[in-house]
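Two complexes are shown next, each including chain A; its partner changes from chain B in the first to chain C in the second.
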Partner chain A sequence: MGKTLFEKIWDAHVVIEKENNPSLIYVDRHLVHEVTSPQAFEGLRLNNRTVRRPDLTIATMDHNVPTKDRGLPILDQTSAIQIHTLEKNCKEFGIQLFDMNSPNQGIVHVIGPQLGITLPGTTIVCGDSHTSTHGAFGALAFGIGTSEVEHVLASQTLWMEKPKSFEIRVEGKRKNPHAVTAKDIIMSIIKNIGTAGGAGTIVEYSGQGVSDLSMEQRMTICNMSIEGGARAGLIAPDEKTFDYLRNRKYTPKNYESLVEYWRENLKTESDAKFDKTFTLRIDNIAPQVSWGTNPSMTCDVTEHVPFPEDYSKGDQNQKKSAERALEYMDLKSGTPITEIKIDRVFIGSCTNARLEDLVEASKVIKGQKVAKNVQAMVVPGSQMVKKEAEELGIDKIFIDANFEWRESGCSMCLGMNPDILSPGERCASTSNRNFEGRQGVGGRTHLVSPVMAAAAALEGHFVDVRQLDWD
Partner chain B sequence: MKGNVIKYERDNIDTDVIIPGQYLKIHDYAELATHAMEGLDPNFHSKVKEGDFILSGRNFGCGSSREHAPIALSHSGIKAVLALSFARIFYRNAVDGAFLLPIEIDEDTYQSISENDEIDIDISSNEIKNITKNQTYKMKPFSEIIGKIIDAGGLFKYKAD
Partner chain C sequence: MEAFKKIKTIVTPLDQINVDTDQIVPKQFLKLIQKSGFGKYLFYDWRYDENENQKQDFVLNDKKYQNSKILVTGENFGCGSSREHAVWALQDYGFLVIIAPSFADIFYSNCFKNGILPIKLEEKMVEKLKHESGELEVDLENQLLKTKTEEIPFEISPYQKIILLEGLDEIAQTLQLEDKISEFEKHSKIPSVL
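And now, the complex of A and B:
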């Protein structure tokens, strides 16, 4: 029986494998940021250990960084300490750091591919669950906790139980690929499989619906694998992948010979078997809007806020979760999604803050203004994205429409920097999690695509972006 | 392991409610613990006692890879979380750092145990005794691999056979 892509990458990285023991897996790239690394470096110091492969370890600061007034000292003292601690640790252990003033700074999952650090067939870890993003390049990439960060720093390896494999086939063609985006595909998948549907698995996304996507769109898909419970999401590399990575800052010198090898080897064999499969047809899917407090609580923009009993299909826990979600979100069952008014719009995060996301959103708002009472912001995923967008004049389109145009970082995705919602505020957000308090205590998050967020900014409530005159 | 149960009857308790993002900058674990579960239950810190257990539904600990989540619970005094299922990163973090035991239980056990029940967990026999109700349940045994890491006292102390 043939092997899946995941099995091939796994087998190529096994250092020790014994029955009824975890396997020791080699790590090709370790990405580090300021929030989940301080205790790991402290652990190294306490045990007189060094970083085994500083040359394979790359750091940036993204979670805490302010997205405006970068020239001024950081006001929040605890954030300043975390940022300075990362600077100190990288200096002491000889790790390359893209700090707040670097032109390469940005969200760790945006800069990895942009710099050519992310490569097909490699293993990539980071103390962040959205490390799954890098799987779009056919890398086995997953989030780890701080104890594991320390283990990787010290040994460049990780103990791991071999996960199961899960194929998600995306079949068909979208009728309007500008309005129905990769975000809508992955949200539809999570709506169907649930928040734990991929638990214990590595997902491989396949089918025409996936191969049709650009690399940036594929990253959106793999990014949210974790919201469906999977450890990682993978897409087999193809010519689009190889073209994207050619001539990046850290693209290896022997790139073309690597491409030859990848083209030949990095795919699931036709007779390979997955432990689990799911197929989504996308011919008729609509733009998605989340209504609840986890990403599976999602519906079409044309639908109504559901009744808990319909959502739960007889499951008592699910019913209680839905009731609590509606209470937290201050929504009434039966309300059309397009009647939900919003206060804030956030276009950003490792899910949807790449150049293409910003370009698409800018087409929706060009020449128009953000609705009165709505505060809207764009936070590019990296300083490189920001620069590229500014070269295209995208910043002006947003600024003219009364969006704020910020410096790069995680920003309002996770409420641990100055960009937060106030209690009760409702936000159309292109991020990945709508958990209670995620964007600030009492804040209410609706997950949407960049074009849906842009459209909501103009109208002050959700609208079906397919019905707007744009593009 | 004896203690009282704090029960949250819901699925998908995520790491953002276990320890909200604004506290991820706190490095003092005792202080971190004062904010445990704050996103869901602001009274948690005043009611939790050393040795208590949390009981909840499916997919406990979903979301972020922040190890602060099991650390905050552990430093609040929580020795084990009993749930219908766990998100994998939370499960690994709990075991790797030897912060607390993630124990999988079945639906009947979940229904039978109530808030404040005193229970006694014996991982050598995979049994949970409900002292308050005088009942005994089976927990799902740890896999051989996880059991070895737990016995070793965490990832760094574990060595392959």
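And now, the complex of A and C:
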């Protein structure tokens, strides 16, 4: 029986394998940021250990950093200390750091691919659950905890039970690929499989619906694998993948010979078997809007806020959880999604803050203004994305429409910096999690695509972006 | 890490599914650079109102459960963010065992690094334990939960079991395999970043 892509990458990285035990897996790339690393570096110091492979380790600051007034000192002392600690640790242990003033700074999952650090067939880890993003390049990439960050720093390896494999086939063609985006595809998948549907597995996304996507769109898909419970999501590399990574800052010198090897080897063999499969047809899917407090609580923009008993299909725990979600979100069952008014719009995050996301959203708002009472902001995923967008004049389109145009970082996706919702505020957000309080205590998050967020900004409530006259 | 010993306390029932790590420890507390002292932030937004007064309807604020070391909860516990701070908060607060029908992958793995035992049991059994009024004994060595009336076996991988029972420093163990890691590196096709 042939191997899946995941099994091939796994097998190529096993250092030690013993029956009934986890395997020791080699890590090719370790990405580090300020929030989940201080305790790991401290652990090394306490035990007199070093970083085994600083040349495979790259750091940036993204979670905590302010997105405006970067020239001024950081007002929040605890944030300042955390950021300073990363600088100190990188210096002490000889790790390359892209700090707040670096043109390469940005959300770690945006800069990895942009700099050519992310490569097909590699293992990539980071103390962040959205490390799954890098799977779009055919890398086995997953989030780890801080103890594991310390373990990788010290040994460049990890102990891991081999996960199961899960194929998610995306079949068909979208009728309007500008209005129905990769975000809507992955949200539809999560709506179907549930927040734990991928638990214990590595997902491989396949089918025409995936191969049709650009690299940036594929990253949106893989990014939210963790929202479906899977630690990693993979897409087999193709010519789009190889083209994207060619001539990046850290693209390896022997790139073309690597490409030859990847082209030949990095795919699931036709007779390989997955432990689990699911197929989504996308010919008729609609733009998605989340209504609840986990990403599977999602519906079409044309639908109504569901009744808990319909959502839960007889499961009492699911029903209770939907009731609680509706109360937190202050929504009534039966309300059309398009009648939900919003206060804030956030276009950003490792899910949807790449150049293409910003370009598409800008087409929706060009020449128009954000609705009264709505406060809208764009936080580019990296300083490189910001610069490229500015070269195209995208920043002006947003600013003219009364969006704020910020510096790059994680920002209001998780609200560790000053960008947060006030209690009760409702936000159309292009991020990945609508958990209670995620964007600010008492804040209410609706997950949507960048074009849906842009359309909501103009109208002050959700609208079916397919019905607007744009592009 | 401290070795895991037998535990006998009442259980704290947290009757919710899909409890995410954002709820276990909210983001405003992730800026600290140490591992200790996170217990006071555990379930912060559920435990306290906007004036930092305890919310009476939240289970952790019920004095009855003050000395409980066992949390019993719903499926997919610990989903979302990889933040190990969630485990540090549970441990610092005093929980050493978490029982649920299922756990999110990263959270599950983080538990073992910090001396917490996550136990997967079938949903019916979890529901029953939520209503268990007496003390529950957790015996990791024999993989048994003991109530007044019954003994319930549970599964755990032999590797994780030893890590907990012996309180092993996993990194020290791995570094003894240096020759194997070096040997692997000699054959790796993947170039360095820089």
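Operating definition for what follows: the second predicted complex is superposed on the first by the 471 of 471 C-alpha atoms of A that agree within 3 Å, B and C clash if a C-alpha of one lies under 4 Å from a C-alpha of the other, contacts with A are read in each partner's own complex, and residues count from 1 in each chain.
Here, a residue touches a chain if its C-beta (ideal position, glycine included) is under 8 Å from a C-beta of that chain, and two chains touch if they have at least 3 such contacts.
Everything quoted here is computed from the prediction, not taken from an experiment.
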{"item": "Chain A as common anchor, with chain B and chain C clashing or fitting", "value": "clash"}
{"item": "First (chain B), second (chain C), both or neither touched by A:26", "value": "second"}
{"item": "Which of chain B and chain C A:132 touches, first, second, both or neither", "value": "neither"}
{"item": "Residue contacts with chain A in the superposition, chain B compared against chain C", "value": "C"}
{"item": "First (chain B), second (chain C), both or neither touched by A:423", "value": "second"}
{"item": "First (chain B), second (chain C), both or neither touched by A:96", "value": "second"}
{"item": "First, second, both or neither for A:195, with chain B first and chain C second", "value": "both"}
{"item": "First (chain B), second (chain C), both or neither touched by A:157", "value": "second"}
{"item": "Common interface residues of chain A - those touching chain B in one complex and chain C in the other", "value": "16, 20-22, 24, 35-36, 38-39, 63-64, 76, 78-79, 81-82, 127-129, 143-148, 150-151, 159, 161, 195-196, 199-200, 226, 229, 231, 294, 317-318, 320-321, 324, 414-416, 433, 435-438, 441"}
{"item": "For the chain A and chain C complex, residues of the former touching the latter", "value": "15-16, 20-22, 24, 26, 28-29, 35-36, 38-39, 42-43, 47, 49, 52-53, 55-58, 63-64, 76, 78-79, 81-82, 85, 96, 117, 119, 121-122, 127-129, 143-148, 150-151, 154-157, 159, 161, 163, 195-196, 199-200, 226, 229, 231, 250, 252-254, 258, 261, 294, 317-318, 320-321, 324, 414-416, 423, 433, 435-438, 441-442"}
{"item": "Parts of chain B lying in touch with chain A, wherever the complex brings them together", "value": "9-12, 14, 16-17, 20-22, 24-27, 39-40, 57-59, 62-67, 84-85, 87-89, 92-93, 96-97, 143-146, 148-149, 154-156, 158, 160-161"}
{"item": "Residues on chain C engaged by chain A in the complex (per definition of touch)", "value": "15-18, 20, 22-23, 26-28, 30-35, 45, 50, 74-76, 79-85, 87, 102, 104-106, 109-110, 113-114, 157-159, 170-172, 174-175, 177, 180-181, 184-185, 188-194"}
{"item": "Chain A residues touching chain B - in the complex, by the definition given at the top", "value": "16, 18, 20-22, 24, 35-36, 38-39, 63-64, 76, 78-79, 81-82, 127-129, 131, 143-148, 150-151, 159, 161, 195-196, 199-200, 226, 229, 231, 294, 317-318, 320-321, 324, 414-416, 420, 433, 435-438, 441"}
